[in-house]
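Mind looking over this structure? Questions follow.
Letters A, B and C name the chains as they come in the text, with residue numbers starting at 1 for each one.
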Amino acid sequence: MALLHEDRLLPVDPGVRALAHELYDMVKDAPIISPHGHTDPRWFALNEAFPDPAQLFVTPDHYVFRMLHSQGVPLEALGVPRADGGATQTDGRKIWHLFAQNYHLFRATPSRIWLDYAFETIFGFTERLSAETADLYYDRISQALQRPEMRPRALFEQFNIEVIATTESPLDDLKWHRMIRESGWGGRVITAYRPDPVVDPDFEGFAGNVETFCQLGGQSGTSFAAYLDAHRDRRAYFASFGATATDHGHPTAQTLNLDAAAAQALYDKVLSGKADAKEREAFRAQMLTEMAKLSCEDGLVMQLHPGSARNHSDPVQARFGRDKGYDIPTRTDYVSALKPLLDAVGQDPDLRVILFTLDETTYARELAPLAGVYPCLRLGPAWWFHDSFEGMWRYREMTTETAGFYNTVGFNDDTRAYLSIPARHDVARRVDAGFLATLVATGRLTEEEAPEVMHDLTHRLARQAYKL
Amino acid sequence: MALLHEDRLLPVDPGVRALAHELYDMVKDAPIISPHGHTDPRWFALNEAFPDPAQLFVTPDHYVFRMLHSQGVPLEALGVPRADGGATQTDGRKIWHLFAQNYHLFRATPSRIWLDYAFETIFGFTERLSAETADLYYDRISQALQRPEMRPRALFEQFNIEVIATTESPLDDLKWHRMIRESGWGGRVITAYRPDPVVDPDFEGFAGNVETFCQLGGQSGTSFAAYLDAHRDRRAYFASFGATATDHGHPTAQTLNLDAAAAQALYDKVLSGKADAKEREAFRAQMLTEMAKLSCEDGLVMQLHPGSARNHSDPVQARFGRDKGYDIPTRTDYVSALKPLLDAVGQDPDLRVILFTLDETTYARELAPLAGVYPCLRLGPAWWFHDSFEGMWRYREMTTETAGFYNTVGFNDDTRAYLSIPARHDVARRVDAGFLATLVATGRLTEEEAPEVMHDLTHRLARQAYKL
Amino acid sequence: MALLHEDRLLPVDPGVRALAHELYDMVKDAPIISPHGHTDPRWFALNEAFPDPAQLFVTPDHYVFRMLHSQGVPLEALGVPRADGGATQTDGRKIWHLFAQNYHLFRATPSRIWLDYAFETIFGFTERLSAETADLYYDRISQALQRPEMRPRALFEQFNIEVIATTESPLDDLKWHRMIRESGWGGRVITAYRPDPVVDPDFEGFAGNVETFCQLGGQSGTSFAAYLDAHRDRRAYFASFGATATDHGHPTAQTLNLDAAAAQALYDKVLSGKADAKEREAFRAQMLTEMAKLSCEDGLVMQLHPGSARNHSDPVQARFGRDKGYDIPTRTDYVSALKPLLDAVGQDPDLRVILFTLDETTYARELAPLAGVYPCLRLGPAWWFHDSFEGMWRYREMTTETAGFYNTVGFNDDTRAYLSIPARHDVARRVDAGFLATLVATGRLTEEEAPEVMHDLTHRLARQAYKL
């Protein structure tokens, strides 16, 4: 007995499945390229053991705790820290029991596939997690976490990671990255430049962030030009720690291209704290275009992740703070939103912008047509809630015919759940193998071409798109 | 020969089909839970014979007459009553002939599946309806309707209905429900509270409705508080006739949470008839939040059915009145619309809100992410135009990965077409069996788990979600 | 070896594939009805040889050059003419080499299917286009184009085209159509009335166009009534050259139904050049209703093609002019947009309006429900970026259950790429065969009915809908 089905996620028709399996087998052991994610560089710097099973699998994973919470489990009972420092569950075994008792909630979800993959391949479980097996799981995982081969660097090698990118604020001194570099360890862990805290006037502490940022960037003035120079400086600093990309988590994809005077006035306004919602949005929009212009200068690949209404519940945010599973996708426009940026620099051969979406209706209608014509645009993989079997399948079905494969960038795991990384890449490889096999079986690709495309989707496109 | 394909709606791959058939067989005779629908309680109270075949299958069924009308058949020719009382076809046989001649229009539609199911399983037809078989059908059905086993209560038992909910206006005295209860008949027919006539300022006769309603609810004052007390009273009255749920058919999902003074002022304004469109929408929005608050008090499950542009054609409404097939779905937002309600009472453990949609783009983007985190939210099944094979399949594919199965509520038939009820539940059971079998075949669920989920989707989730 | 898979685009399950193949075989040689497209009537009038392979397959085909351009190939290198007349590549062989080297970009796109179909069936290639085979292709195609059987009229007959519609401006004198008619050649080439240049105030030269148009239409006055009379006159002129349809390429589906005075005032304003964006949109909206009213008079079928944000890139439009692959679909509303037109004339039995969309979210939500009730409405086939295997499949899945087959109008190739016409119809026939076979296999249609529907979708519905 096993947790994992040998042919999972492959097409059901026996002939197509056999072909898909062949394609999958070609890449299943290929190195992992992880150009976008949120692992903690501290793990690789300090290489300490992970804490208990609940702290590894439940409390920090918003996919997991949001599902339990949706069925009435209080976040406190899962050990999610309160903003006021009030008491929450600290007994890992109790949290684990709650998780195990409710493991049926994850049936047919990607979380279940990721978790079972880790449970089976890393910890050797063959019986599914449940109320009955909860302690068995807890004990075995707890013991395993003490072993040297379960330390972050050992797992990095076991996972066959060729390169992994973390994401840092421009205010970050990158000390963990420095420690990794100076440690002499050979794992390639790079950073990415995520300027939201100094670009989004709605970010907490924005004005103070900008002040600190300008100082860090060696700028004394208060002009918009000085602020942009600080970006130039920090981007170069990040690049010196391996960064090849920037990342932008805006609520919308809106861009603007104001003239210098208008941009300066807007900058002054948002720093004054008196800007209204429209002006704050305008500043974010302007900054996307500025970032694109800087990308034309320094070659950093720009990633745009718009469309999440974050921290949707005021009471939950008040009680637990940001990022507690209450981020909800919203309808997102790209066609008119990106026009100012694209008119400004969209024909520049040195620009590359990777677009992501949480609004699948834009795949066939907006994103594939845009990426299928603008030389600077590429499509990021199915993102967040869509990082799943069905999500990836819809992505391929709705983008390939108009954008082709070569305007896409391979897979991103986008995760802070370190142990799920191999599982996530495995899912992507299986979906792609199944998709390509289906194309072959229906005469849209030949059996001779499919292996090349399989390798492209698994590793080549990610390396090329992210300049790795 | 038969009208129905033994394996209809099951996956085509032979292995998956066999598994789906096993799952289907487990539930095909399970009792029908019908927690949301529009059958007429008078049928069960009086238990009279149904009139002629046209009055049973054509004239009252908007799915049927809209399709015929779309190909140029005048509504008059189908016996649809005119608002001015003018002449329309009254000869059932003539209406039936028109229907039969055009039966090919229903190819590959859910109506055809529902109709054929009733024709075969209730009336024993094996040859399809057509111009040639029109009279055969008409005569046999006419005769059958005279038999005692074709009376509403006998069919209720034949259909194996465990419980069925009707829907009534808060102005309704529930006399038919009283008559059912007093009759000593054992069928469980419950009501549901649908306050649109006293909550929607655009409802015809709104101000008069509210006046009558407040009197019915034992309130003499004109304050908003008195009006809310009338709701409390009527909700309790409905609950005494078995209601476990309320239902809200708003044009949008907009909610608001005004303070008491602002709510009173808005109430006064809409009652005065001088409110503009924005204020009328604001009142509906406010009332959704008020209804949610009352649900926290009395435990009635709240159902929200937004997003239909009703009575789209002015000339048709003028000639035939409301609800003549001219209801068209519209783009619907949930994320910002529901925020006021959810911020107000979304963490209350006594609240349950079941969300429906006619805008399938919201499944994966908004509804599954919302239901996958808010403890009070559940997803209603695929609704109205989406109550179909493809509609249900898309629903499962687009909601399961993020919301799981346990944030959904099983099937609703939502119909006034009594004879279609078994057919509709049969379709849902087949689709779910096919979906689960596909999950098993692709390693996303095990063969051991599937039967439990099959039963959950068929009856357990409906009972739990609706507190039946 | 061959470029084309014998069973391409048919379902993968062997049983369903066999049935699909039977259905496909019934219609694969059926005549081509092409009621909407953009071939050049001059081809049929002059019957000259086509120029070199690059001019035939690359430079004029926006599907082809946009994909090459998206990967960094400058439009100049593909011979796309510059607006300023500046130099671009004129060496067909060099353009062809670029195309051939990048042919892998088209993997899994409809362009590849169309191109390979022409390469194999018209030119006899069995080895795929690539850098290695580039010259072989170029030479063989160049030679073939000199042969009489490769002239437009010979191909028309070889393609088995029963009727083809071109599209002309109301300012066009239809001289090529006149020449075709007077030539005595038997091919049926008809025109269609596309009034955008005199209906859309944003069209370049609008005011001048209207002036010329009114003169052509025999009108001397400047009243809106005179302008409408000019339309009457030109529509009749187009009808005398076989036109059975009009075509409207508006940015949105907005309609309006102003009274005569308001319409006159709006007409004056847009002609003055002083109308703002809202008024220009209002004029387009008003004109859709006027065109519908004229259709009630003269019986021309009205086609509405809304929702493309054309010429999205200002720099590209400045350098190369209109229609250079930078047309991007946008979110489109039909429900409120069409209401004014439908309230005005939507119940007129002489009106027929065929709706197209680039926004697939409207299929199930808006278009199928509208076409499934309004007698005047029909759904055009999957359009432009959605004229593809997946696009057509989604179209059938999302429209059939609500609108049925008989509110759809068969296939349109909508192309100016003459050699792709048989390929495009072949794709549509295969998709429909696969779809119908799937319905049969899942009990939603019988094996006896499927052949009739297959013929309906292939040719009967197109003839009926377009009155051909």
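Following the convention adopted for this analysis, contacts are C-beta pairs under 8 Å (C-beta built on N, C-alpha and C of every residue); 3 or more make two chains touch, one makes a residue touch a chain.
No experiment lies behind these values; they were computed from the predicted model shown.
Taking CA atoms, the transformation carrying chain B onto chain C includes a rotation by 120°, reported to the nearest 5.
Comparing the residue numbers each copy contributes, chain A and chain B share less than half of them at their mutual interface. Here the CA centre of chain A is 40 Å from the CA centre of chain B. For chain A, the set of residues that touch two or more other chains comprises 13, 361. Chain B meets chain A in the complex at residues 11, 13, 15-16, 333, 335-336, 339, 342-343, 346-347, 349, 361, 364-366, 368-375, 377, 397-398, 400-407, 438-439, 441-446, 449, 453. Residues 4-10, 12-14, 66-67, 69-72, 104-110, 112-113, 128, 309, 312-316, 325-331, 358-361, 385-386, 388-391 of chain A are the ones touching chain B in the complex.
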